[in-house]
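Take a look at these structures.
Across the two complexes that follow, chain A remains constant while its partner is chain B and subsequently chain C.
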Partner chain A sequence: MSVGPAAAPTGLVELTIDGQTVQVPEGSALLQACRARGVATPTVCYAENLTPVNVCRVCVVEVEGSRALVPACSRPVERGMVVHTDSERVRHSRRMVLELLASATDLSLAPEVEEHLRRYGGRPERFGPAAPPTPGADHRHTQAGHHRPTDGSTAATVTQPTLIDNELYVRDYSRCVLCYKCVEACGVDAQNTFAIAVAGRGFEARISTEFGLPLPDSACVYCGNCIGVCPTGALMFRSEHEMRRNGTWDETRQQRTDTICPYCGVGCTLTLHVQDGRIVKVSSPPEHDVAGGHLCIKGRFGWEFVQVLEDPAPASDR
Partner chain B sequence: MLWGSNARETHPIFFHHVLRGLRNGARLYAVDPRRTTSAQWAHAWLGLQVGSDIALANAIGREIIAAGLANETFIARATAGFDEYRRCVDRYTLDYAQRETGVPAETIRELAHAYARADRAMICWTLGVTEHHNAVDTVLAIIDLALLTGHVGRYGSGLNPLRGQNNVQGGGDMGALPDRLPGFQHVEDDAARAKFERAWGVRIPPKRGWHLTGMFEAMERGDLTALYVIGENPAQSEADAGRAVRLLGGLGHLVVQDIFLTPTAELAHVVLPAAASWCECEGTVTSSERRVQRVRKALEPPGEARDDITIIRDLARRFGHNWGSPSAEDVWNELRSLSPIHAGMSYRRLEALGGLQWPCHDETHPGEQFLHGRLWEEPLRGPRTPFHAVLHEPPVDPVDDEFPIRLTTGRQLDSFNTGVQSGLYRSPLRHGETLQISPDDGRRYGALDGERVRVRSRRGAVEVSVHYEGTLRPGLAFMTLHFPDEVATNLLTIDAADPRSGTAEFKATAIRIEKIATSTDGAEG
Partner chain C sequence: MDIHLSATEASPIERAAVDAALGPRDTRPPPRDRLLPALWAVQSRVGHIGEGALSYICERLDVPPAEAYSVASFYALFSLDPSAGQPLVAHVCDDIACRAAGAEQICARLETALGPPGTPTSDGRATWRRASCLGQCDRAPAALVMAAGSQPIERALAPVDPPALQTALRDGALSPATDAETATLPRIGGASLRLLRRVGRIDPTSLDDYRAHGGYEALRRAVRLGPDGVIREVVDAKLVGRGGAAFPTGRKWEAVAHAAARPHYLVCNADESEPGMFKDRVLMEHDPFAIIEAMTIAGYATGCEQGYVYVRGEYPLAFSRLRNAVAQAQAKGLLGDDVLGRGFRFDIEPRRGAGAYVCGEETALFSSIEGYRGEPRNRPPFPTQSGLFGRPTAVNNVETLVNVLEILREGGPAFAAIGTRDSTGTKLFCVSGRVDRPGVYEVPFGTTLRALLDLAGGLPAGRTLRAVLLGGAAGSVIPPEQVDMPLTFEAARARGVALGSGAVIVFDDTVDLRRILLRVAAFFRDESCGQCVPCRIGTVRQEELLERLVSGRPHSSVRDELALLADIGRAMRDASICGLGQTASTAVESAVRELKLFADGGDT
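Our next item is the complex of A and B:
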């Protein structure tokens, strides 16, 4: 890409990670230093095109002299820091966090999180079988994720009905780990529409529109940038949802092709996911500096005109 | 400064960058008759009367000069015609501008001072500026402001018409203009033409052709009897659509190459089914920032549809020219050999870098982030750049007692132009065409929210439902062009066009609202 104005020269900071020294630019986060050192650091709520919000605590590392474990994604490097990324304390904390997420949430569409769980030997089943969902628990009644305390023999979960209230995307909050990425993408990090936020506290905390309204009655403008950043499949294209339900979704038969959106002159890169000669979803590469991974409603959903519409989606979905 | 642009809805990802700038402390001024979703983010909204842009620009210029904020160093070293400009804008006082534009004098003053004092400032505009009978003058009046302040030719400053499609810029770059060969080489420049004639082995007519509006005028005169339309739907997108359909229908021969059987294609003698360039073909497009980027084939085109290169190659063969079977890259490499500003853009580099901005003269050139840096070189390289003294003229279609409401047109977030593409996905935001008016006007003209009315202009009438829109001022109405099969908005618009750009005055139509007589037969409904 062409050059901008001369960037202010940045100093390098030297620190020690797992006994090895590493130099990274001032202002980097520990996560960048770990990656520069080749240390695989698991993350759930971190994304390169979003501001870190430090909520998942999966990337925590131990910094000598710091009482608490620190989130690598947002802790800036300091000269002379001594960091341990694989101490028993770190492993224990990561394992516990991942186990809690896995015990309460359906992670079957979050292979990366499941991989982290395996890496740290997590056994979410030790909390017992999943508790039965609370009858009537539903975002529309602002009761999502609300469960009575269990007697300890079962694991509380966020299981709840899938929300299908529009033609473009579905929300399955049984899969939601509350990483806040969708809130960030809908808010200051990209779209600035603020259609969703975290409502409720503790175990009842959930992603919600204002008053839990259906999306068509909310401020949502259907940019789908929340889908683009969702790490667990809680937010999904309607097309993908239908195909998964019908058993026809098959990523091994999908090709991804980068091209340029036709709808305006900005030049956003679209990644077309094509299965059996049909576009089944659209994403955008976060590393491309025009769009930064974010799109608008036309770019993300406006491609039906190049393929014959299949039968309209059924009006209801169980 | 966003001038005649609702980028929040028409260039949403560009607007993400604007919002990031606002959070970093930038100021945004929105010049638009409508208090748009873009204007709602602005520090100040200048809700001018439709078509009073030059009055506003000249008043800003006058105020900058009067306040001693003009960049005299830049004016002296890099521009010409300042004295004439100063004389021209002298009568555009803030009070005059307030009367003519409806924008409070104090707000105009604030904008003038903020723009002139900024370290870096940019003016972006779209069709709100260019779809007027005096569009070129309006653009020149805006350019004058950049010359006055030196906000051009430097990183972070400049003038930026935001392109409305992925390859508007590229179309012009490739010579799809009446007077240009690829790379903006003028067709009346003998040396440039000779270069292309040698490469192509043909004689090139040594004079400029017609722009779109000129073509329709030539059809009217009978000078143009055969037309080859590629990827355009003028039967619905032209202003005064009734006339456009009549002229297209009267052609001796009409060929339409499109991905759909559009209403224009339905008028054609021959239809050439084409592939969608952005997902069924290989090639490049060029963005608003002059960034050439690759489009790639992800899908097979349906049925007998073929990509444009193949269609044109086969046409050439029928005309007796064997061009072989060039790939998109072969065609691009020929372009690079003839257009110096593209010479350094190999497919390999475009792939590796994700795109390059022209000019890019050789394969070591990184491309240019902004143009006109020469204006700051010491000594000045090339000619001085001129001010243009231009005068305000109201829109052609006057608002009067008979047609008391000013209708302006535009796009909405989820839709695109005549809806040929965007009409086929199921947008929850789409509610069809409406006549948006202020609730005050609704009461004044007896049109209820949701009521179906007849909207009449001096050229035609359409039936449409009223939608009360609280962000519109009384006297101003808004419609889109997105649903021409339901409501043919362009039956209302005027085809008065700018003589230089050929663009029609879609933005300024005088209308009235008529009640639709209720059924009197007593039938149960």
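Our next item is the complex of A and C:
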């Protein structure tokens, strides 16, 4: 830390967004300025409670004087910036990014992303039919710098077998958009466990434990924070996964109740998702100031034990 | 950190290799940036990085295994699969220049004899793989053989002698003949050599010989001028970076010199992985002390006490020559706490990449040195404010730095008098492909492309020029009617192309350009770091689409496919994080535009 005069008071920065001036605190990202102006900006990899990684590029905007488009979620505002959020150039890139994602990833449990896709008129089918899953392909990374030859007739996807290797949650990386959120939640942004990271490179990059080990052999402590931040349903409570598989998952029949986690003195807020009188999932509101959306195994999964004790027939059909 | 280690134990051999790289145990673990050297130690000792070895590295460095794995799996030269990690691997180049020199026939031959790439030989001791450009295009077709062991052998075979390579693979061993070192020197053209003045004329392993040829005079002059004086000369010389982005070097140095945060770092970018590039290799292999001296001057001018030179993993000879040069300079007080006895401190650590083109991108390079995945960072902040280890950093290409020696020798204004007003000095061009004498050529800026091709002996007799790929895979296709363009930054810019770092790959009428474009597309797909969506998926769609065009099986019409290709290219250019994605469509789009390759559903 530098010693010296106290940090300068945070001033306001004025900039122009779509022809309108807006003032936001110094140090804000363009996304905050857009929101202050009421400009709806799509995001996929951004989350309030995580450090921006600016990888999905769906939030890009045009800043005058900048050669390439810039990500609104992470670019700090500067005095006098002139920003366009709905130019043809911006719309083109947003649409392409969403189309590319949709052409490679199962987004059927990512309604927000699908909504963005509709808004920008994306037609992922332009790239041709999705390639059938490659026989023998699994979740492990392939040798960097090499890929299977393609004849171009179908569009490669990230489809791979669902990983069910523990009692608490499943990993279906066919739905993974590689937003890095789970990695951040498992690492410095919340859990400090570093059980998972991005392995491999390029299109073959995957979220993985070391050597693709099953979770029980990894450092995972089942805090479930990765599930909490995953925007696509790639990470899912086992209860939800099995109810969906059995066709019994029904959000219209679910109620959400906020409560304070009883397990320790920290006082994290839990949101209980209850269907037909049973807790089927637990989340935590990201804006909550104690936990910031992150929990531990007891808060996230403790209800399983509560229910198992109360009910001799467990929710899953294992 | 409380890290969770694997139950698998490292073998004594693996432990010894890691310990040799990391030094004896201390109370505190070595810093994270030792990760890549530790991974290399295991890879070159046993030929792969297994669970036990990785776990031991993690224990010693206090790095979580998932992270170490994520780093190791980023690099093409590391093998994490014990069943695929044969001690001897032949990386056979099938990239642009080698393709034009018959690489496919070599691969076909190996495939017949040994099976598809990755198949172990019958004794399980060797295998072969295809590789992207190995930086040996002047001696195409090329291969790089890496044999793990207590005395690892890493050697470029260029040109490849297929029977010899097959024998090596069969025996799981290489004969000690060092052909790459004694192979023909680069062909050097142009009347008065400057950057190449010592290449082939001195003993590159001898500091004394370097000094006998004027070595270290520039550093003495620099110390007389003082740091500001050095920067003034570089500004006056109007030197711009030779690494591709053509950024004014003097301005970069000023920014670092004046940055308040300390320490400052200097990085020499010797990653040279652009297909078609090999000039930095020639400088490192044949004049390594020049790079050490130039880095010392740059460090002095910008207030850095520590420099790194990051050499691509496929350049073992260049790396060992640089290491030797650093050691000799240290021994003679030309690096260290009191350089030249003039009271300034500067030292250099050579670092080795491990097979990732993107690590030549400056911010990816920082991450790689720091022991993280080579993923580029968003800007701002710029490296001059926050670069290596988050500190102000001056990063320069090898050739850029060697130019500084010339600037100090003759003064900035005299340097600026060479070339054109906006492109000063000389430039090294790497001419490869279908010319008589491929090699590195040094010419003043403003020389025409035609004159350069003539220096290289022109095309083989009876052949006609089809196109030139200027700037490598990230560059543009120049049609024959434009070969009179002067080679300057401004002339290139006016044509909407870029000189890039100076690759000139020549195609005659025997080359199927559509296959070349497919290879370029495959290259970008393989080399994308995978971070951002436009590049991670866009490069895949680009390759698929080109496959359809080349095989004549478009989804709809050729016209619709070309429109989709343009859509993909535009998004990669506009929305990608780094220059890799931003230029991944340049060559393809320029070929479509200039040569109308797919105009009638086909060509050639």
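Some observations on this one:
The criterion applied here is as follows: the second predicted complex is superposed on the first by the 287 of 318 C-alpha atoms of A that agree within 3 Å, B and C clash if a C-alpha of one lies under 4 Å from a C-alpha of the other, contacts with A are read in each partner's own complex, and residues count from 1 in each chain.
In this text, a contact is a pair of C-beta atoms (placed from the backbone, for glycine too) under 8 Å apart; a residue touches a chain by one contact, two chains touch by 3 or more.
Note that the coordinates shown come from a computational prediction; the quantities given were computed from them, not determined experimentally.
Once the two complexes are laid over each other on the shared chain, residue contacts for A:Val55 go to chain C alone; chain B is not touched.
By the touch criterion defined above, A:Val229 lies against neither chain B nor chain C after alignment on the C-alpha atoms of chain A. Using the contact criterion defined above for the overlaid structures, shared-chain residue A:Phe203 touches chain C, although it does not reach chain B. Contact with neither chain B nor chain C is seen for A:Val22 once the two complexes are overlaid on the shared chain.
In the superposition on chain A, contact of A:Val77 is made with neither chain B nor chain C. On chain A, the surface touched by chain B in one complex and the surface touched by chain C in the other have residues 192 in common.
For chain A in complex with chain C, the touching residues are 54-58, 60, 68-69, 71, 74-76, 89, 92-93, 96-97, 100-101, 103-104, 126-128, 141, 143-147, 150-156, 177-178, 192-205, 208-211, 213, 217-219. Considering their complex, residues 1-5, 166-168, 188, 190-192, 215-216, 221-223, 255, 257-269, 272, 274, 277-279, 288-292, 294-299, 301-309 of chain A touch chain B. Listed in rising order, the residues of chain C touching chain A in the complex are 1, 3-4, 6-7, 51, 54, 64-70, 73-76, 78-81, 84, 117-118, 129-132, 355-356, 373, 378, 380, 522, 525-534, 536-541, 543-548, 551, 553, 555, 564, 567-568, 570-571, 573-577, 582. Listing the residues of chain B that touch chain A in their complex gives 10-14, 16, 19, 23, 155-156, 162-166, 168-169, 259-260, 276-280, 285, 287-289, 291, 293-300, 302, 353-357, 366-369, 413-416, 420-429.
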